[in-house]
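Step one of this worksheet: look at the structure below.
All chains are identified by letter, namely A, B, C and D, in their written order; residue positions are counted from 1 within each chain.
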Amino acid sequence: MSDRPVSSAVSIGGVLLRSPLIIASGTWPHEPEYWKDPICAFVGAACTKALTLHPREGNPGIRLWETPCGLLNSIGLQNPGIENFLRDDLPNISSGDVGVVANVAMESEEETAAVLSRLSVFEERFLAVELNISCPNVDAGGMAWGADPSLAARAVELARRCWKGPLWAKLTPQCGNIAEVARAAEAAGADALVVANTWLGMAMDPVSEKPVFSRKVAGLSGPAIFPLALRLVWEVSSAVQIPVIGCGGVSKTEDALSMMLAGASAVAVGTFHFSDLGCFRNIGRELLEHLAAKGYSSPMDLIGKGKK
Amino acid sequence: MCENRSSDSLIERVVTLSKKKDLTKNLFVLSLESREPFSRIQPGQFVMLRTSLGMDPFLGRPFAVCGTGENSLELLVAVAGRGTRLLCSLPEGERLVLRGPLGNGFPSQPGKRVHCLAGTTGIAPFLLARQETPKIEVHLGVPGRDWMGLATWAAERIPGLCVYSEDASVGLGGTPLACIDQLDPVTEVVWACGPTGMLKAVQAACERRKLPCWISLETRMACGIGGCHGCVVRTVTGLRKTCTDGPVFDSREVLWNE
Amino acid sequence: MSDRPVSSAVSIGGVLLRSPLIIASGTWPHEPEYWKDPICAFVGAACTKALTLHPREGNPGIRLWETPCGLLNSIGLQNPGIENFLRDDLPNISSGDVGVVANVAMESEEETAAVLSRLSVFEERFLAVELNISCPNVDAGGMAWGADPSLAARAVELARRCWKGPLWAKLTPQCGNIAEVARAAEAAGADALVVANTWLGMAMDPVSEKPVFSRKVAGLSGPAIFPLALRLVWEVSSAVQIPVIGCGGVSKTEDALSMMLAGASAVAVGTFHFSDLGCFRNIGRELLEHLAAKGYSSPMDLIGKGKK
Amino acid sequence: MCENRSSDSLIERVVTLSKKKDLTKNLFVLSLESREPFSRIQPGQFVMLRTSLGMDPFLGRPFAVCGTGENSLELLVAVAGRGTRLLCSLPEGERLVLRGPLGNGFPSQPGKRVHCLAGTTGIAPFLLARQETPKIEVHLGVPGRDWMGLATWAAERIPGLCVYSEDASVGLGGTPLACIDQLDPVTEVVWACGPTGMLKAVQAACERRKLPCWISLETRMACGIGGCHGCVVRTVTGLRKTCTDGPVFDSREVLWNE
C-alpha cells in the first residue's frame, strides 16, 4: 500500500503516455478538435487511420454491418496517401493534447519504405509508428504479412531500417500461432506489439442471397471479441519481453484492467467509442479509483499481475 | 463500473425521453429533453440515438431532427429493424444517449423559393425548416393508407402540405415528383429527403430540368463524426463522408455507390 | 417458383433430418422429455454431450462466464463415461422424436477406438457419430487433434475404421488453415464436417486479479461469434465436397439462412437456446415462411446459393 | 424476424411485469403475470428471467420464487450487476421471458419443526414457504440499516419474523445462526438460504449439533434445465447440478467446489 498519489502515466518501451488508454487506428477523425482536451482528456495516444504511399479509395459497397455486440467493417485502407496526410492532416492533429501514432499499412516493401522515410522527416511529431501487418480488408499485403513469422520478421526488419523512432507492430489474430509471430517481430526489432487487429468474419444478406461485403469477408471488432483478444494478450505477453498493447473489444473499466492484468502495458479502444464517446473519461476515472482502492501508485503495477 | 454508458463530452449527452407519440403503427414522434441547451440546429442535421441498456444493439441510430425547443428536440422515428424497434418500445421517462447535432443541413440562405419533396419519414428536416422559414412548400409522398397518421400529423404542422400516394388513398394520386415539371430553374430550388430510390428519381428529374437540387442521403453509420469512413458516398469530387460532408449534398455532385 | 408444399427436410450425406436445425453438443439435457415433441418439434437432430471411455468430472472452479452477447465455458468433457451413457442415458434419449448424434471426444487413439466400438453395437440408435477434435477445455487431445491437417486425418481415419455409420468431424477454429484441415478430414473418410466449435477466449477477474477459469482459457460461443463462424462455413464449404453443418452463434432465422447460403447443409444451435428455448420453433417456422416466399421447395435449395 | 424472442414451450413463457415495488435502494419485488396458470411451486424452486430487448445480457438470471398467485408469481430481486440492474430498471407493463419453475425446493413433508435462516434476499423461498406452512419460524440476517426496507416488508408477511444485524441497527444484534444452539436435533430442522459464506457457517454449526439441515445453493447458471453442466457442485455422491438436482441440498452432502 502506498500513499503516493496515483498517476495514470505508463511507459511503453520508453514512450511515455499520460494514460494507458489509446484510440485505435482507423476509428478517429483527423480533425483538430478530436486531438485536444476535453475530448481527449483521458487518452494517452491516438492512432491515425492507416497510411499508404498513394491515396486509396478503400472498398466499394457496404462498409459497415452491425452484429451482436460487434461491428464488421470493410473500409479497406481509405486514406489520402502520405503526402496529403503530411500536408493536410498532420499539422492539425500534431498540435493537440494527445500524442500521434502513425499507423502504416504494410504494402509492398518499396511502398512501405517510402512512407516510412517520409514520416522520418517529421519523426518528432510522432510518438511511434504502428506497423499494420494485419489489415483483413485488402487483397494484397495486409494481413498476409502478419500470418507467418518469417513474413512478419521481414516486414518489421524493413520498418526498423526505415524508421528510427519507436516501432510498434500490430498483429493479426488470423495466424496459426501468434506467439511465434510475436517472437519473430520482437527479434526483428519491434519495440512493442499491438495485440491485435480485427477478426475475420462475414455477413450474408438473406434477401439478396449474397455476401454483404464486396470482398465477402470483413473484420469483426467491438465488445463481442473482447474475450478472444484478451486470450491473445495473455499468450503474446508470455512469449515476448517487449510491451504489449491490448486491442479488441474493450468497452469497460474491467476490460482495461483485465487486459493489463493479462500482460498489456496499455489498452486501445476503437469500436466502442463509436457508440460512447464518454468511455475514455469513464474508464480513465474508474481506473484511477481502482488503483487507489487497491493501493497501487501506477497502472504499471497491474501489468501481468494476473499471471502470478 | 461504466455500465450506464453516460457521457458528458460536448458531442454526446444524456437526454430523457419526455414524450412518445405514436402516429401510426410503427411510427413515433420522440421528444427528447436535455439539461444543457442545444446549439442552433439546421434542417437536415441529424443526431445519433442509443439506449444505455445493454450493449446490443450498440451503435447509435441516425435520425434527422424534426423539431427543436430550447432544451429539447423531436425525432420522427419509423420502426425499421432491431434498433428502432427497441428505441420505440421504451417508456416515457427513459434516459437515452444522444450524439449531435451532426452533419451539414440544407443551405441556410437558399435565396430561392424552396420546394421540399419528402418520402415518408423524409419529411423530418422539412418540419424543422418550416419551423423557421414558413414560406417553403412541402410535398409528402406516402405508400398508402397505413401512413394516414403521418400525413394528418404533418399537415397540422405544415398548413398547405401537399400529400401524395400512388393509389390516391391518401391525398393526391402520384408522387411529390409531380411538381418538378412546374418549377422554374432560376427562381426555385428543390430539397429532397427520403429513400434512395426516390432521391435518384428526384436527382434525374431536376438534372433534366436544370433545377438546382439538394438531397439528404441515408447511409449506414458507425460514428457520425468522421472517424470510421463507413458512410462514404461517391461524388464528383471523390468519396465524401455522409456524416460530416453531408448528409445534405448538391444533387449534381452525387454519383452514388454503385 | 414452385407450387409444391415446402418441406423442411434435409439430407446430410445420406442422413435424412426432418429439419436442418440441430442441437449442438454439450448443451442439451439427456432427459427423455427433451428428446420428444413438442420441445423438439422443429429440431432435426440433437447431439449428446461429449462421450469418453471413462467417466470424467470435467473442470473444477467457475465453468461459465457471460460476455457481451457470448458465453465462455470451461466444462471440460464432464460425462458419465460410455458404459454409463449406454446404460442410463441412451434408452431415454433414443426413444424420442429426434435423432441422436453421438458426440465422441477424441482422446488417445485406444480410448477413442474403444468408445466407437461400443457405440457400434448400438449403431442403429444413432444418426451419426460427431467426432470432436475441437474441445478447447482439456489439456491432452481435444483441440490439438483439429489444429493440424495430418493429426485431423489420423483421428478421422481411426474413427472411420471403428465406426461404420455416418461420421461427422467437428472442426476447431483454432488452426492455421481450416480449409486444409477440412480437406484432410474429407480425404480420411468423414461424411460431413461440423464447422465449428467454440473460439478460444479468456476472462480475468479484476477483483481477485486472477484468470476466472482454472484452465485460464475457455471456449467462447453464442451470438458474438456468429460472423466468425459464418466465414469459416463459407471457407470450408468451398474447400470440400462433403456437407458442412454450420455451428457458432446462430440465434435468428437470418443466421440460419446465412449459414445455408454460405454453404451449410444444416445449422446447429447451442448457446442461444440457453436463453431462448423457443428459438427452434421460431427459426423453424420462419425458415419455412422464407422458403415459401422465395418459391423454394426445400431448405436444400439454399445451400451455397450465396456463392453464385 | 424472431427478434422478440418469445417462446411458447411449456418450460418458457412470456410474462408481464405487472408490478414493481422498491423496498430499499437496489432491492425490488417484481410481480409477474402469466396468461397460463403456474403449476404448484415448491419453496426453493426458482425461475430464470430475462428481457426480450436486445441480446446483451442474454442469459436469464435465476431467482427463487417468493410468492405465487394463480397466474402470477413474485420475485425479490437485488441489483447485483448488469442483468439485475436492467431487470429492475424496466417499467411496469414490460414483457419478460420466464423459464421455470425449475429445480427442487425444500422437502415438502419436513415432519419436524422448521427453522429458516435467511441472508438478505435468501428470505425469498421462506416467504413462499410461509404462505403455505404458517408454523415455520423465520430468521433474517441483514448487513445493516440499508436493509431496513426488506426487514419491514418481510415482517409484514411473516409475523414473528426475527431480524438480526451485526451492529444491531436493524432487529437484534448478531446473525440468524444464533438460534442454532437452541434447536433439538430430534424434533427440529434447519433450512437455510443466503450467501455461500453464510451457508457454510450454517452447515458447520448444524453438523456440530447433528441438526438436520437443508441449504439452497447459488451457482452460475446458463440453462437451468440440466443441459450445460455449468452449475455443478461437489457432493459426497459426486458432482451434482444445482439447477436440476438442487438448488436445495441436504447440507451433509455438500462438499462445495474448492
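Please note the rule applied: contacts are C-beta pairs under 8 Å (C-beta built on N, C-alpha and C of every residue); 3 or more make two chains touch, one makes a residue touch a chain.
This is a predicted model, so every value here is computed, not measured.
Two chain pairs are in question, A-B and A-D; the one with more C-beta pairs in contact is A-B. In summary, the interface at C-D recurs among the listed pairs A-B, B-C or A-D; the equivalent pair, sharing over half of its contacts by residue number, is A-B.
Distance between chain B and chain D, defined via averaged C-alpha coordinates, is recorded as 49 Å. Chain A and chain C, compared by their mean Cα positions, are separated by 34 Å.
Distance between chain A and chain D, defined via averaged C-alpha coordinates, is recorded as 45 Å. Counting partners per residue, chain A has 68-69, 222-223, 251, 254 as the residues that reach two or more other chains. With touch defined as above, residues shared between interfaces to two or more other chains in chain B number as follows: 3, 55-58. Contact topology of the protein chains: fully connected, every pair of chains touching.
Those residues of chain A lying in contact with chain B across their complex are 26-29, 31, 34, 38-39, 49, 57-58, 60-66, 68-69, 71, 73, 75, 78, 222-223, 251-254, 271-279, 281-283, 286.
Chain contact summary for the complex, chain C toward chain A: residues 67-70, 72, 175-177, 199-204, 206, 209-211, 216-218, 220, 222-228, 230-231, 234, 249, 251, 253-254, 257-258, 261-262, 290, 302, 305-306.
Those residues of chain B that touch chain D in the shared complex are 3, 53-58, 82, 85-86, 89, 91, 93. Residues 55-56 of chain B touch chain C in their complex.
Residues of chain D touching chain C in their complex: 1-3, 5-12, 50, 55-60, 83, 97, 99, 220-223, 225-232, 238-239, 244, 257.
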